[in-house]
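Order as written gives the chain letters A, B, C and D; numbering starts at 1 within each chain.
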Amino acid sequence: MRTSDSALVLIDLQKESNFGLKNMEEVIKNTEKLLPAFRASNIPIIYTRQINRADTIGLSKGEPLNDDGTPYYYNANSDQIEIFDEIKPKEDEIVIDKYRWSAFYETSLDLTLRSLGVKHLYIGGVVTDGCMMTSIFDAYFRDYQVNLIHDMCTASNEGAHQSAILTMTNWVYNMKIYKSDQLINKLNGQSHHFFEADRADSMQFTKDTMEEQYNKIVNSL
Amino acid sequence: MRTSDSALVLIDLQKESNFGLKNMEEVIKNTEKLLPAFRASNIPIIYTRQINRADTIGLSKGEPLNDDGTPYYYNANSDQIEIFDEIKPKEDEIVIDKYRWSAFYETSLDLTLRSLGVKHLYIGGVVTDGCMMTSIFDAYFRDYQVNLIHDMCTASNEGAHQSAILTMTNWVYNMKIYKSDQLINKLNGQSHHFFEADRADSMQFTKDTMEEQYNKIVNSL
Amino acid sequence: MRTSDSALVLIDLQKESNFGLKNMEEVIKNTEKLLPAFRASNIPIIYTRQINRADTIGLSKGEPLNDDGTPYYYNANSDQIEIFDEIKPKEDEIVIDKYRWSAFYETSLDLTLRSLGVKHLYIGGVVTDGCMMTSIFDAYFRDYQVNLIHDMCTASNEGAHQSAILTMTNWVYNMKIYKSDQLINKLNGQSHHFFEADRADSMQFTKDTMEEQYNKIVNSL
Amino acid sequence: MRTSDSALVLIDLQKESNFGLKNMEEVIKNTEKLLPAFRASNIPIIYTRQINRADTIGLSKGEPLNDDGTPYYYNANSDQIEIFDEIKPKEDEIVIDKYRWSAFYETSLDLTLRSLGVKHLYIGGVVTDGCMMTSIFDAYFRDYQVNLIHDMCTASNEGAHQSAILTMTNWVYNMKIYKSDQLINKLNGQSHHFFEADRADSMQFTKDTMEEQYNKIVNSL
């Protein structure tokens, strides 16, 4: 049975997610460049997809609806739920559908990772302050060592992205943050660097320091 | 958003499950007769399917393998994982794939039922002493009132079937047991009957009384 | 068996939590004023406590340790894990210990709420961007209607508090935000008001608008 | 941080459980003999306790009640919920309270085991066909290798005990069954033996063969 101490998890990189997220093209482009390095390293790749049933059974409370009562976002009957063509999964890669923001909530993600013997999760996807952040907290609760890929996640707005990165840095005590090209170096056995907080709750901020604190992270990647 | 205080859950009625289970044809025939009554009552129908990935990622420990390393049972790449043709789901019905015996383990079953507002679960499927029993215990833990459909479940051997029915009767305190034709009567608003234990752990047994105790239940259906 | 469609959940209002959180005294004072209204309304009150075993079994990865290897925070053997005296639970109230940020992660919180028949959760506690936010997301995933009590939560820093409130407003689609005095009015059957977002992801922000967006919420409470 | 690839889990060996279970004294006596071997091996010991709140909040559906509305069994306010004196936990051992049959359902058991790095679970306790069996299935779903200690579990009736042992043997594919004295040998690094099924669903039975099949296991221990 296959084992691997690492896995790449890509959160909701679906056509539907192109709803005005900042830098989405760059996220796709960076993912496209990273995937071959993971594949060459024989590290399992897991894609998640946000799904809302057309008949709204199982729908999160308050989800926006169309006039005909179908879900406005991530309608299972639409091809918008598919992963972006540029980065679509190979036939043997794993696709896990989910109905709530966190990729761990009532899905087979955890059993898949446990079965593989995974300790280290590399995570990219969207949106930073929603599905990504809740998935990362849930990964942390389950003792996975989390590695956030910074240029493979984004949000609908700059403030949400920056503050979510700071919040995860503060409370996910074992998280490292990588840029995708540094992660490629790591996978290739080359020298590389990453950001890691030196203590709990280290990135406190105000409106006046949020960008400065955020840039401390980004500039060290 | 659709709601329903009841749901029918059919456990693993897949072509693969035809591995020598006793009375499987009768289970299928009874399910075929029951489905129209649930559909006419507009009660949601949920089918579960046991799935093992061909590459064995996520496989339960100790699962039998073929010589080529693929799973012997419920291989995702085989059409044996499909529901039996006679009772196959309609397009708008719900199919939930699972990787462990219990239909609740890391699946969207509970969120689906909660979203619908379900209180009463009607459960049939296979095998009585495995996926069925573990799913029923998990349903009970989540406060669903469980209704076991007796002539829509079976096992590979008589003893396992009988003892599992007795064990669930003893410890799932709010369980009722129906025969499918009585359940059809109930759905049609007609008089009907069912079995319900009168106290905790009421069906104690030995090898000499197992069948007798089991028949007390069956003869009252 | 007792039922209630509402419950008050107080997250980690423990002596230990007094580690430099802003306005902690006000949070305690407001909780002290609110509790009698919930008690008079016969609405169940659930306190959660963050606990780290002294021997570090079950400890979150990366938790700060003392020189002797014991956990720096929330040591189970310290009286610092107790709820603040001013607001301590009455004998018949519920105290749930937890080992991860989210109050739902491997605790009996959900079964307690389900058993009671709770639909509406009123939540206060600390820290806004940690245990509070992850608990609220987990409550939302389970279809509880979430009500955040704004002046009964706080964080170690202004930016984390403000951005967490905005993030929850953006992605917890059914959340209402109350001030404690308005909630008392509601419990007393008097006129009251609260904040509720008018659409998904409505509170987008940058460093320059974070406080302004946050104040839109606060000024309407 | 402490790690261990094994743990002993003792299910509900509480004074309350002495409600007419067969051979309870022998179970206690065998547990008393086994505990020093686990302690000498520095393997973590986890006791679970079934608990019902006196006010019935969180109570399983259908639980028997006293005339005054309090739970008939496992009342939290009774000293009957304590572990038997002969085998009571040492101060540094772990006690996990639970509200449903399975020791994994909404408890911190899994996070405790994961944190320790446990792969192998040794399980004893009561009742074989209830809390024990549902806990063992839940352990198996989470990929723990399960070791049932045969003379440290029992039930209210012979048939339930025998059939539950056969059912677990059939469907928990990686389970081994030990007698406590053989397990002591193993812990002492001495030769020992155990039972392990040679294939899936190997212990099929009828009323006429149940005892014979059961004895095949017992006689090989």
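Here is the rule we go by: a residue touches a chain if its C-beta (ideal position, glycine included) is under 8 Å from a C-beta of that chain, and two chains touch if they have at least 3 such contacts.
Just so it is clear, the model here is predicted, and its values are computed rather than measured.
K.L.:
Nearest 5 degrees, what's the C-alpha rotation angle taking chain B to chain C?
P.N.:
Fitting chain B to chain C on C-alpha atoms yields 180 degrees.
K.L.:
Tally the contacting C-beta pairs at the A-D interface and at the C-D interface, and name the larger one.
P.N.:
C-D
K.L.:
Compare the contact pairs of A-B with each of B-C, A-C or C-D and report the one sharing over half of them by residue number.
P.N.:
Selected from B-C, A-C or C-D as the counterpart of A-B: C-D.
K.L.:
Between chain A and chain D, tell me the centre distance in angstrom, where each centre is the average of that chain's C-alpha atoms.
P.N.:
For chain A versus chain D, the centre distance works out to 39 Å.
K.L.:
Return the distance between the CA-based centres of chain B and chain D, expressed in whole Å.
P.N.:
From the centre of chain B to the centre of chain D is 26 Å.
K.L.:
As a quick test, compute the distance in whole Å between the mean CA positions of chain C and chain D.
P.N.:
For chain C versus chain D, the centre distance works out to 36 Å.
K.L.:
For chain A, give me the residues that contact two or more of the other chains.
P.N.:
100, 105, 111, 115, 141, 143
K.L.:
How about chain B: which of its residues touch chain C in the complex?
P.N.:
111, 114-115, 141-143
K.L.:
Going by the contact rule set out above, which residues of chain B touch chain A in the complex?
P.N.:
That would be residues 1-2, 44, 53, 55-59, 92, 94, 98-100, 105-112, 115-116 of chain B.
K.L.:
Would you tell me which residues of chain B are touching chain D in their complex?
P.N.:
It is residues 60-64, 100-102, 105, 129-130, 133-134, 137, 140-141, 143, 145, 156-160, 162-164, 166-167, 170-171, 173-174, 199-201, 204-211 of chain B that touch chain D.
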